[in-house]
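Let me begin by presenting the structure, written as structure tokens, before commenting on it.
Chain IDs A, B and C follow the sequence of writing; residue 1 opens each chain.
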Amino acid sequence: MAAVTTAPARAEPNLLIRIASRPTALAGLIVVTVIILLSVLAPLIAPYAPSQLAVRDRLQGPGMAHLMGTDELGRDVFTRVLYSGRTSLTVGFAVVVFASAIGVTLGLVAGFFRRFDAPVSRLIDAMMAFPDILLAIALVAALGPSAANVVIALGIVYAPRLARVVRASTLVIRELPYVEAARALGVPTPVILVRHVLRNVVSPLLVQATFIFANAILAEAGLSFLGVGISPDIPTWGTMISVGRQFLDQAPWIMWFPGGAIILTVLSLQLLGDGLRDFLDPRLAKDV
Amino acid sequence: MLRSALNRLIGMAIVMFLVVTIVFVIVRVTPGDPAAVMLGPDATAEDIASLRERLGLNAPIPVQFLTYFGGILRGDFGQSIFLNIPVTHALWLRAEPTFFLTVFALAIAAAVALPVGVLSAYWRGSAFDQAATMLAMFAASIPSFWLGLIFMQIFAVQLGWFDTSGYGGPGASFAERMHHLVLPAVTLGLISSALITRFTRAAMLDVLNDDYVRTARSKGMSEWRVVVRHAFKNALIPILTVIGLTAALLISGAIVTETVFGLPGVGSLIVSAVLRRDYPVIQGALLVVAGLYVLVNFVIDMLYLLVDPRVRY
Amino acid sequence: MKHYALAFATSIVALMSANGSALAQTAGGVIDVATIGEPPTLDPMASTADLVGIITQHIYETLYTFGADWTVTPLLAADMPTISEDGLTYTIPLRTGVTFHDGSEMTSADVVASLDRWMRIASRGKQTAEVIDGIAATDEATVTITLKSPYAPLLSLLSLNNAAAIIIPEENADQDPLESYVGTGPYRLEERVPDQYIQLVRFEDYASRDGEPNGYGGARLQHLDEIRFVPVPDPNTRIEGAVAGQFAYVDQLPVEAYDRIAGGATEPVVLAPFGWPVFVMNTQEGLNSDLRIRKAIQAALAPEDMMLAAFGSEDFFSIDGAWYPDSYAWHTEVATEPYKPMGDTETAMALLAEAGYDGSPLRILTSRQYEYHYKMAQVAQAYLEAAGFKVQMDVVEWATLTQNRADPALWDIYITHSPFLPEPSLMGIMSDSSPGWWATDAKHAAVEAFNAESDPAKRVELFADVQKVIYEEVPAYKVGNFNALAAQAPNLEGVAPAPWPYFWNAYLGDE
């Protein structure tokens, strides 16, 4: 309970220091930061252009000219892993933002207004009944395959999880003495929601968001691999693996490196999320 | 207790109804006139209009919803556009590989996760615990299709222990078909074991700190008996919950795994249905899978009620 | 564990030889054939898909078919037709004593009803219907086709196995879609489990022609008891199935898998050359309705890189601007100068400037059903962009592609391929109504002269004019010639390499 009532404003300055005290979380933070930097700075770092073809140099193994080898059209795999990171990370981040927007709204409404609790909770239950990839596939089929629609689909898929977390925290907060006092004093409900409730759900939300970021990267790769995600001519780690699969025995490096990038990113995000949970939300730390 | 059971039943009915509604909405927003899709590119406007009428697509939305809902209550999930057979039949034809894949994957996951989780909790903070936690996290970070491909490369292509893909073709014996499931099941099982390991560990930690475990210890009971007889037994309910829910969620993993290994299961049916724009099949699959999940949840709740009458809803 | 697979394989062989080898080359055996997917229909009139043709040619038969040297040879017809002096009347004698799978006997009434259905439903039938004046049954065993104008491709059209002029019982001819899969072929449909297999069994009352097998024609021998077509849509799965020896025959493998197949349990079968990949231009609407734009594309494309990316090694393709390779009578180098193996970016830029190209995107419609289509598209995109085009790739499923290509508003180029067709008139662009909608006076002049001529030698000369007008007006861009790769079990014999493989005549021998 302590973490929930702690104002995030006080927690945050210490957060970095506290993360630094835990080696796995620190490692996660550092690696995530490096991966984000590499992606953002891809145009400066990448030795080639991402779609620069050299058909005659196709399927070359990792070496001096091509750090991670070349793909079936002679494109530089290292360059493409960097540029793919941009798409994959952007999609993952956009999913988090979109899912948070829906999830926080639903969770606040369900947790704060008793009247809406039952219907919204049942809706959340129903949404959670669909396995994530399956629901995402159906939604992308309904919306049409594009990066934006993959974000919308995955956002809808993950929103209920966030809604649950927010609802649980809100239920506790609304009963706290100072919130009740504020209500008694006639402070308008929106002000209470933003000032007192929202501020206090930030911590558990941040923890969940980290995990959803990780899951979204995995899910996007899965959708692209199945051919129902982002268009194959936009490089993402998932589409790279999907293409590399055809050359599994001739040029396995096409598949190795984007796969490694996914594992590294997701693992670091999970380590970071684990650390954050321990500091921000000890109540959750006991559960999974 | 009966009252609680009844409450849960009503709750489940409501969730089921919402599930059906969500599926209905997803299909309605899907672009493209199903009638035009069914008739193909050469259809005339009149053909399409008459088929729309026959399919009841011209009726007001609430009427359409009632017809659709009524069909589902009667077990009628519609007709596959591409395969031209009832959706339930299409799903049934694909059920076997998915069923066994799920069962094997779950068995593998449980066989790995339960001992590791229990020992992790018991030796909390030890090197073993830390290593197990890291490994579980690592397993949860691997895309299942990628792991499947790597396994395929090593065990099927290089070592030749297994066929890389397929389900043995028509006329394959049961043993032959199951042999094809080994690699997919190991892939799926290892990845699912991550979640179960973490959960087992957490549940065991809870129990190990409980009073009666301490009491048992103080009475001089052997450690083995304390851990297995008392602690594990009490942690079993939450662990079973996770295993039950993982079973339903494995369908998600099965979609990807079946595609990688070319298994003719429900998962690959769903993927091809999407590629063929076979909406009734997508719809039916969504309903069946979500329905199973809700059902598993309900059964678990009932089990809780039976085991621990203090639980009230 | 390797032993397990081996033991299994041997047991199959043992089982098969129990049926087969005692009387080698006689009846017995069941084969599994891996195909590229589930056919959308088992009505070969309703579809031009090669897959539909490959499967259904075992069930249904046509009046004529192609012999080993790709000349037309009779199948359900008793003989070649008698053609009147003016080339307008074809009198076709029918074989008697041919039974359908439902036990009824084929008569001229069935033939007339079937051909009527063909002209109503099949794309090639609709195309032919424009020159057909009437089809009538002269007597029980004779059918007469009268034409409005001489039309040399008629017999080839009646022979082809997709959008095929199959003969079915009269009472089924009104079915659309076809529901009764009743034909006269050597194998009949026993069971179809969608996405799992299509099981054909020997038709015991089949009336084979006498003599020797001759390509698709001649005698059709029924050694095998059963043929099962198993859809394996994923190419990697087909490769692995071939390496493991899971199938007697595996169709359409990526050529780059040749070495792996050769090292596996089935033997690679190369069909060289198999056909051409082609970029079809939308001449009716959008950017490509401007001939100068089409010329610019023709100059910009670099077939050598496109083919290399698509097929991996020069062992599997050749760079050839002629529409037919030199193994065909139709081969000619006339007018192929604009075909530049490495492209000609400068000419393309000049042409583009001349056309006043406004930078609106050139939409390439393609799918990944055939991975090499997509790879060629990617290389084409690079070269087109180098020439100044803005390119938009629309990558869709094959089913969507076949739907979208029918709408001129949706695309500028779409990518497809075709086996070398025995008769040039069967090429898509030759028809005004096929997607691309190429219909100019110059085309009509060249094509009509070609179609009206009946003398084979003169037709070869006239085809040069057709190729010339294709190069001048660029309704399509032929990228090159490519080989096809299939795989075949060592004990499967009697299968002739063919663009549409067939399994009558095949038998299981000793290894």
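Things to note:
Assume contacts are C-beta pairs under 8 Å (C-beta built on N, C-alpha and C of every residue); 3 or more make two chains touch, one makes a residue touch a chain.
As the structure is a prediction and not an experimental result, all values here were calculated from the model.
Chain contact topology: the protein chains form a complete graph, every chain touching every other one.
Comparing chain pairs A-C and A-B by the number of C-beta pairs in contact, the larger count belongs to A-B.
Distance from each chain's C-alpha mean to the overall C-alpha mean is smallest for B. For the pair subunit B and subunit C, the distance between mean C-alpha positions equals 42 Å.
With centres set at the average Cα position, the gap from subunit A to subunit C is 47 Å.
Centre-to-centre spacing of subunit A and subunit B amounts to 22 Å, using the average Cα coordinate of each chain.
Each of the following residues of subunit A touches two or more other chains: 227, 245, 248-249. Contacts with at least two other chains are made by residues 157, 259, 275, 277 of subunit B. Chain contacts: subunit C has residues 236 touching two or more partner chains. For subunit C in complex with subunit B, the touching residues are 1-2, 4-5, 8, 30, 32, 38, 40, 193-197, 199, 228, 230, 232-234, 236-237, 240-241, 243-244, 246-247, 397, 399-400, 402-403, 406-407. Per the touch definition, subunit A reaches subunit C in the complex via residues 51, 53, 55-56, 58, 72-73, 227, 231-233, 245-246, 248-250.
The residues of subunit C lying in touch with subunit A in their complex are 235-236, 254, 256, 260, 305, 308-309, 312, 368, 371, 374-375, 378-379, 382, 393, 395. Residues 40-42, 80, 82-85, 90, 93-94, 156-157, 159-166, 168-171, 176, 179, 259, 262, 264, 269, 272, 275-277 of subunit B are the ones touching subunit C in the complex.
For subunit A in complex with subunit B, the touching residues are 24, 122-123, 125-127, 129-135, 137-139, 141-144, 214, 218, 221-222, 225-228, 238, 241, 245, 248-249, 252, 255, 259, 262-263, 266-267, 270-271, 274, 286-288.
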